[in-house]
Amino acid sequence: MKKKINTAEEFDFLSAQKNSQLRDVTRRLFKNKAAIAGLIFLVLLILTAIFASVIFDYEAQCINQNISQRLQWPSVEHIFGTDEYGRDLLVRIVFGSRVSLSIGFIAVAFGLALGGMLGAVAGFFGGKIDNLIMRICDVFLAVPMMLMAIVIVAALGSSIVNLIIALSISSVPTFARIVRSAVLTVRDVDYVEAARSIGVKTPRILFRYILPNSMGPIIVQTTLRIAATISNTAALSFLGLGIKAPQPEWGALLSSGREFIRDYSYLACIPGICIMLTILALNLLGDGLRDALDPRLK
Amino acid sequence: MAKYVLKRVLYMIPVLLGVTLLVFIIMHLAPGNVAQMLLGDNATAEQVANLQHTMGLDRPLPIQYLNYMKDLLHGSLGTSYTSGESVNDKIMACFPYTLKLTLVAAVFSIVLALPLGILAAMKQNTWVDNVSMVLSLIGVSMPIFWLAVMLILLFSLKLGWFPVYGATKWNSIVLPAISLGLMNMASIARTTRSSMVETIRQDYIRTAYAKGLSKGTIIMRHAFRNGMLPTITVIGLEIGQMLGGSVLTETVFAWPGVGRLMIQAINGRDTPTVMGCIILMTLCFSLVNLLVDLLYGVFDPRVRTMYQ
Amino acid sequence: MNEIKADTSNMLEIEDLSVEFRTHDRTVYAVNHLNLSVKKGQTLGLVGETGAGKTTAGLAALDLIQSPPGIITSGRITVNGKNVICTKTDNKGKQVAKTCLTKKELQSMRGKTISMIFQDPMTSLNPVLTVERQIAEVIEHHEHLGYTDATAKAREMLELVGIPGERGVEYPHQFSGGMKQRVVIAMALACDPQLLIADEPTTALDVTIQAQVLDMMKKLREQHNTSMLMITHDLGIVADICDCVSVIYAGSVVEHGTLEDVFDHTLHPYTRGLFDSLPNMEDRSARLKPIRGLMPDPSKLPEGCAFADRCDYALEKCSKEKPEIFYRNDEHYVACHLYNEHSIQEGGVLKNE
């Protein structure tokens, strides 16, 4: 019965095992109602953001002022009411979601790519490279994340691209650390040693055996980082360092609504609720993913 | 242990040096001419050049950095571009407020979060657990600035219980501290719960039950100290978050702290003040992290022996 | 079901114990109608493969099964004549097994009347407390001694298991595996328990250390006249230390008897299999004969005899009906379809090769 494993190809039974693992994780995730509620909310939000210009006219409904309609409380006509220039708040929020979501996703994707690469390199090669990378990360992590982002945006000036740069830089060290420690724990695990002993090459080991097995914490962290990034984007805009008027962004909407807080509180409440629900949905999904990937904890 | 402390303190130095360099570089990436901006559009090229020379801005960046560091070693953070005051004075006038706000927020969040987390872990999967975890999840998801605005709306404008802004009255700190601490409280409570849940499944907890000890004794004597370890780390990180978050809270509540000073300085292109604020906040964060590491040694004998 | 009569000469009696672990996607039947008893002053070996329900049975005696997911669905457990677990009918008319002791009674029983040595010494000590504190704690609790007296006694206990008393101020991570197991044993014996449940006390240790620890346990057992339930998968340990043996398979006892009964008049094919899978010291060239197959999935136990699939002697009815229990003598019994009241006396259905 015993068969010698002598080629890298035969080693691929691991990937078969991974498929069934994936099925288990999905099954567990779909049993978690809260996580699925979060997922559905996010999917709907993303779909609305994508098809925003099909539903509404950007110039006419989102940018152009309509003073005769200004500051109207939510009604059947304007579900979320109108702002101080008479623009429909719902339309502005829908277009605002485009900005918030795309900054959130793109910044985290960059952070993940760069951080993940650095972490994988540091963890896998160790020694001086590891030391250098991790010390640089230490410097970045020593500054509270929000402050770092503020300084970068303040220096570079506020535009979507600069926001993305600022926010992705602040998540690089976190991802580098996670990937590095995941690589370190997996590096010396038996099946990796086995793969190495039968002559599988280093990059292949890295991409085929190590990274897929460090996926759990990375996926969870990615979800949570997207939430944090959306919140930070809004915070920067709120401080006047992010997106500028008339372009709609949730934090900026909230910030300008603040002026009317006494009499037109919906202008500050509604954008805030949108931010919160989005972050909540991402957190629910992140929690659900964590429990599904590591069922022991629930 | 003393050796370990020393080692940790010494390690802070290169990190802080790195931070000054990093922030210096970022700040000087900013486009535009500071002298021109300070003098206004009507200034002559000569005036601008003169001012640049007196400010030392015409020298190469590395020299500027070295000069900055020389001053820093003498304890000086430089002179504000906008007001001409010493940055030290400016910051020290604000720092007590930020310290007070952060401390109150930290104490409030830790004191509430630990029992909540432990309770939820002990009553795992009961309604107590579910309710407190749903609430913490909402707390974690609530942006600080929005919470601040909502607190003002409800407690200041509608109910009139607390002042809308400033730091003049005794109860001025209540709303800023809540808005700054709530998110961290929720996050600490979540960590406490999950690390306690993990801890109470350990074999040594079963051993403790097998000895005949009561549940209370086991939680306090056996589970708490072990479960605290991850929580301490998170508390340290959360205090860093609060230092960052204080920028938002202080702006909303017009709380005269370092965070608000920093935003004002950024808007006024006052680079030395911005750098001073960042360095101070980073120093605080590093000290908190040092404290966390030392606490680790207190709670975990394995860490202690590692450094003996 | 054959009832074993309550007997005051028994230190521990477990009757008809069933334990299930219910998670949202399946129910694991870990222990199924298990009967066993430990006589006063004697040692019973509980032998079986990993996953046979040995540890669960041991934990049930201390009411330490974690719930959820564990539920005791039926059974009665008596320790030194006192009921620990009994089956009651709840208000919906359903049978449930629960502890019949108050919290106080349970807390004064655990560690005093009955104590347990856990399988893995690496994880059963608290990493952040000194070992003497962990031993002194149980002494303070049961003997109401003060801090200093309890610590002094803890150090005596350490000396007793062969660890210098002054090492008591150290933490578990400063001890080797064998030393840790000694600490765990010292902790279990600190209050002179009448019954000691030892759950594979030597599995995590090196072979040489195993022998030392076993010798020590034998000595201490004699000194303190402790009754013992030795949970193990190692028949060598059973031969060395036990008076009686219960062989457990898929959560029920399939054969029970004195050491001599079971070793020399093996009845159950599974017990036979266990012996055959041991290396033979006399004939080193002899091949091991491992039992083929695996234990059935404890969440999908077969209708009939749980061993039927792996049994070389299986009859048609084996996979359909649960086997009855037949006694060979007052002590020795087997649960197997190969036997009946008449054939049991002859003993030799299985070929002794």
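So that you can tell them apart, the chains are marked A, B and C in the order they are listed, and the count of residues begins at 1 in each.
Keep in mind that, in the parts below, a residue touches a chain if its C-beta (ideal position, glycine included) is under 8 Å from a C-beta of that chain, and two chains touch if they have at least 3 such contacts.
The model shown is predicted, which means the values in this text are computed figures rather than measured ones.
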item	value
Pairwise touch network: line, ring, star, complete, or other	line
Pair of chains with maximal C-beta contact number	A-B
Inter-chain centre distance, chain B versus chain C - centres from mean C-alpha coordinates, in Å	54
Cα-centroid distance, chain A relative to chain B, in whole angstrom	22
Complex interface listing, chain C residues touching chain B	62, 64, 66, 68, 103, 106-112, 115-116, 118, 120, 123-130, 137-138, 141-142, 171, 173-174, 184, 187
Residues on chain A engaged by chain B in the complex (per definition of touch)	135-136, 138-140, 142-147, 150-152, 154-157, 227, 231, 234-235, 238-241, 251, 254, 258, 261-262, 265, 268-269, 272, 275-277, 279-280, 283-284, 287, 297
Residue ranges of chain B touching chain A (in the complex, touch as defined)	14-16, 18-19, 22-23, 26-31, 137-138, 140-146, 149-150, 152-153, 157, 194, 197-198, 240-241, 243-245, 247-248, 251, 262-263, 266-267, 274, 278, 281-282, 285-286
Of chain B, residues touching chain C in the complex	125, 201-204, 206-214, 221-222, 225-226, 299-302, 305
